[in-house]
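Just so it is clear, A, B, C, D and E label the chains in written order, and each chain counts residues from 1 on its own.
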Amino acid sequence: MSVWAALQVMTLVLIVVGAALAVRLKDLLAAVIALAAASLLLSLAFYLLQAPDVAIAEAGIGAALTTAIYVLAIRKTHRKEEE
Amino acid sequence: MIAELSFGVAAAVMVGFMVVSVLRLAIGPTAADRAVAMDTINTLVVTTMVLLGAAFGQVVLVDVAIVYALLSFISTLYIARYLEKGAR
Amino acid sequence: MIGNLPFVACMILIGLGLWTLLSRRNLIKLAIGITLIEKGVNLFLVTLGYVEQGVAPIYTYTQPGVTMVLPTPQALTLTSIVIGMATTALMLAFAVVIYRHRGTLDARKIRELKG
Amino acid sequence: MKWVRVGALLLVVGFLIGAAAWMRPFGRPPLAEMDGYFIQHAQAEAGANNVVTSVVFDYRGFDTLGEAAVLFCAVVGVALLLRKVAK
Amino acid sequence: MSLGTHLPILAIAVPLLGAFALPIFAKVHKRLRDMWAAAVGAFTCAMVIALAVQVLSTGVVVYTLGATSPAQTVAPGGFPIRITLTVDGMSAFMGLISALVGLASLIYAFQFLKEDQGKPLAMTLFFLLWAGMLGMEYTGDMFNFFVFLEITSIAACALIGYRTWESRPAEAAFKTMALYTVGGLLVLLAVAILYGQYGALNIAYLSSKIGGSQLDKIALGLLLGGLLMKAGAVPAHMWAPDAYGEAPAQAAMVLVANTQASLYGLWRVLFTLFGGVLAAPAVGWLVVSLGTLTLLVAVLMAVLQRDLGRLIAYGAVSQIGYMLLGVGLVALASRPDFGLVAMQGGIFHMMNDAATVGLLMLAAGVVRRAAGTKDLTALGGLGHDLKWTGGFFFLGALALAGIPPFNGFASKLLIYESSFRLSPLLTAVAVLGSILLLAVFARAFQGVFLGPKMREAEPAPVGMLVAMGILAAVILAMGLAPGFFVEHLVTPAARALWEGRDLYLAAVLGG
């Protein structure tokens, strides 16, 4: 297994972990932070797959802008997920 | 060849650091801890990108890292603003 | 070398998103679930276009004769990322409007429309 | 009711992972005529060094127009939803 | 090069341009905005009709975007690399439906929407929705189809949430948005799987390559799931009554046309994209049983409704069941002798449904505007003031239930006839559904319009009556001369799906 493949697998695992955290966490702000982290790692995965344009778009739109929208929505609503 | 391999191994170590950061993201009791963990991941991703750009020997990929570094702080900024001002 | 693991990871992301949609009741959580499905599909598209030992399809500074990864899926993904952002923005705007009226984000408590 | 949901979800996810297993092996995409054409001719035809850019803005420019329309739609929709209404 | 060669792209680009420019004109003056909207609407309709005439007289029209000449569809080597718009008989027919509905909705909107409630934004979204529908119907490229699908989803959901001063529309819109987005993403996943197999996105080229492997079946399943979710067939119909009931009347009507555009996508996938390998009757059985189930569930739910909007909405969902039943019969066996009749019935019913349900929804909009509520228990005696509206509602109700002199009967007869050949049970269910619908709508008519006068109601303005009059005229024309419409419009469309796959492929790929 080459270094590249190891990096690839680790990044994918981290993405899935981040996504699972985004689902599991009850604090919505924390969930959004986990989602942003997953998005950043996704950007790294795109980079590893030789897609630099998509990596930039994902970092700019998927991570930054989407997180900003989520935070704005949480600010206008409620932070905790009720059970 | 050796240089490329060493750059690759360095990148792998960076990804190992990311694992630790994700751990903090998972357990971090407050949202501030998690925000810092995310920002650390952010920095580590930029580092990894630069190292891999060197490993692949492609200048274009280093440009990606620069643009990424310019863009990705926005989310941290928004979260920090929220944490400082509170709900309103 | 790593088999079809990347594809499986995409499908796990999509499955996680679907599970969120089915099991969670918070409107923002539902939006997060949809974002996760989107990310899974985007990763799937880019993964489809990867060629072993390929380089990014940019001609600046590349030696002639190298294999390049396929450009079309990357172009499609660029479009789909923007579409996903637009969808998320609109869904969160709906959530905000619902919260203004009902004061809660819990889908079980807001269900006025039945049957 | 909950178990019906879980069962349906497991079915769909199994279906999808089956799809992933049946896909062509990772890293060996099909003999893509369209992409081969793009890689060979894009630099000369569209005049851009970045093939992805030439695909986005030239060969599949209509999709990009649609993407702009989607963005416009979202902006108008959010403006419609968060507007001040007289009533 | 004349205007005639550019008809397909103009029909999509003009409403898009109209949408982009409308907010600017609205800032200048109200009259300018209305004139612009009317001009764009009229021009779009003219384009669509001219295109339909061209397609029906000369065959499939192909337009390549960005090539040196629109006719140059394939690169040297025989594979398409650019996005093509491919308009065959079915696409042209669907375009006519969209144009009819869009025109009526636009005329209605001028006086229905109030100035201080965000009228320019709603009109902008309407134009985007219209452009998206036409794009879905005319495009010949799978990814482009997805992009237009998303345009219609977003515009439609924003329109559903138009009444922000109430809480229910936003809720309906959120629900609809979630289901639409998941449906759209399933479609995108299927497109990705097909791309991963064949490295192409063009419908005709993919159709010539698809061999029916396991992955193709998975992609077909995903496409079926996504598009049925968007069309509002039964397992995923929860959004439809909410959305139709809560959207403003003129938007609810366009939403019906939008579900039909998704159904068109489904037919395109079943008969053109997978037309070469679709021998398995399982898909046909699935579509037929979903159609029957949709029909039954929706009609039974309609009986229970107390809200006029939701009652009509369930009526609209039940009509989707008839369409699925009609066209599903064709997919059942490879080439049954009743196939063409069933196809004609299903396709003719799409046009009828657009006109009748649209008319009913517009009438319900007038009722709500006049009485301030759509609750059946609180309504009554409106017929004294709303004579025309009551008449239109009555006409629409009869046509929807399939009473002989009207158009619903013509198309339902074709469906009954062909389904009887397969199983009399299906026919019995379909007839039962119609009878129940008649009962439901008779009760609704009686409850809303008849009885003693309860309140002063403001009669509908002329523009809204004109919009309803257009639809009523279409209903009457199709009811009185069904043979003419079936022969000149429906049969070419049905043939385009039933046996026109080779022509479609040849028009794009050449040879």
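Simple rule for what comes next: a residue touches a chain if its C-beta (ideal position, glycine included) is under 8 Å from a C-beta of that chain, and two chains touch if they have at least 3 such contacts.
In this text, all values refer to a predicted model and were calculated from it rather than measured experimentally.
Any chain that touches chain B and also touches chain D is listed here: A, C. The chain with its C-alpha centre at the largest distance from the centre of chain E is B. With A-B and B-C as the two chain pairs, more C-beta contacts join A-B.
Averaged C-alpha coordinates put the centre of chain C at 28 Å from the centre of chain E. Computed centre separation for the pair chain C/chain D is 10 angstrom, with centres defined by C-alpha atoms.
Separation between the centroids of chain A and chain E, computed from CA atoms only, is 37 Å. Here the CA centre of chain A is 18 Å from the CA centre of chain D. Residues of chain C in contact with at least two other chains: 1-2, 5-6, 12, 14, 18-19, 47-50, 55-58, 60, 70, 72, 74, 76, 78-79, 82-83, 85-87, 89-90, 93-97. Annotation for chain E: residues touching 2 or more other chains are 143, 147, 150, 154, 157-158, 161, 164, 170, 189, 196, 199, 201. Multi-chain contact residues of chain B (touching two or more other chains) are listed as 60-61.
The list of touching chain pairs reads A-B, A-C, A-D, B-C, C-D, C-E, D-E. Remark: chain A residues 1-2, 5, 8-9, 12-13, 15-16, 19-20, 22-23, 28, 31-32, 35, 38-39, 42, 45-46, 49-54, 57-58, 61-62, 65-66, 69-70, 72-74, 76-78, 81-82 touch chain C in the complex.
By the touch criterion given at the top, residues 56, 58-61 of chain B touch chain C in their complex. Those residues of chain D lying in contact with chain E across their complex are 15-16, 18-19, 22-24, 29-35, 37-38, 58-63, 65-67, 69-70, 72-74, 76-77, 79-83, 85-87. Partner chain C is touched in their complex by these residues of chain D: 5-6, 8-9, 12-13, 16-17, 19-21, 23, 25-29, 32, 34-35, 38-39, 42-43, 49-52, 55-56, 60, 63-64, 66-67, 70-71, 73-74, 77-78, 81-82. Taken in their complex, chain C has these residues touching chain D: 1-8, 10-12, 14-15, 18-19, 22-23, 47-52, 57-60, 68, 70-72, 74-76, 78-79, 82-83, 85-87, 89-90, 93-94, 96-97.
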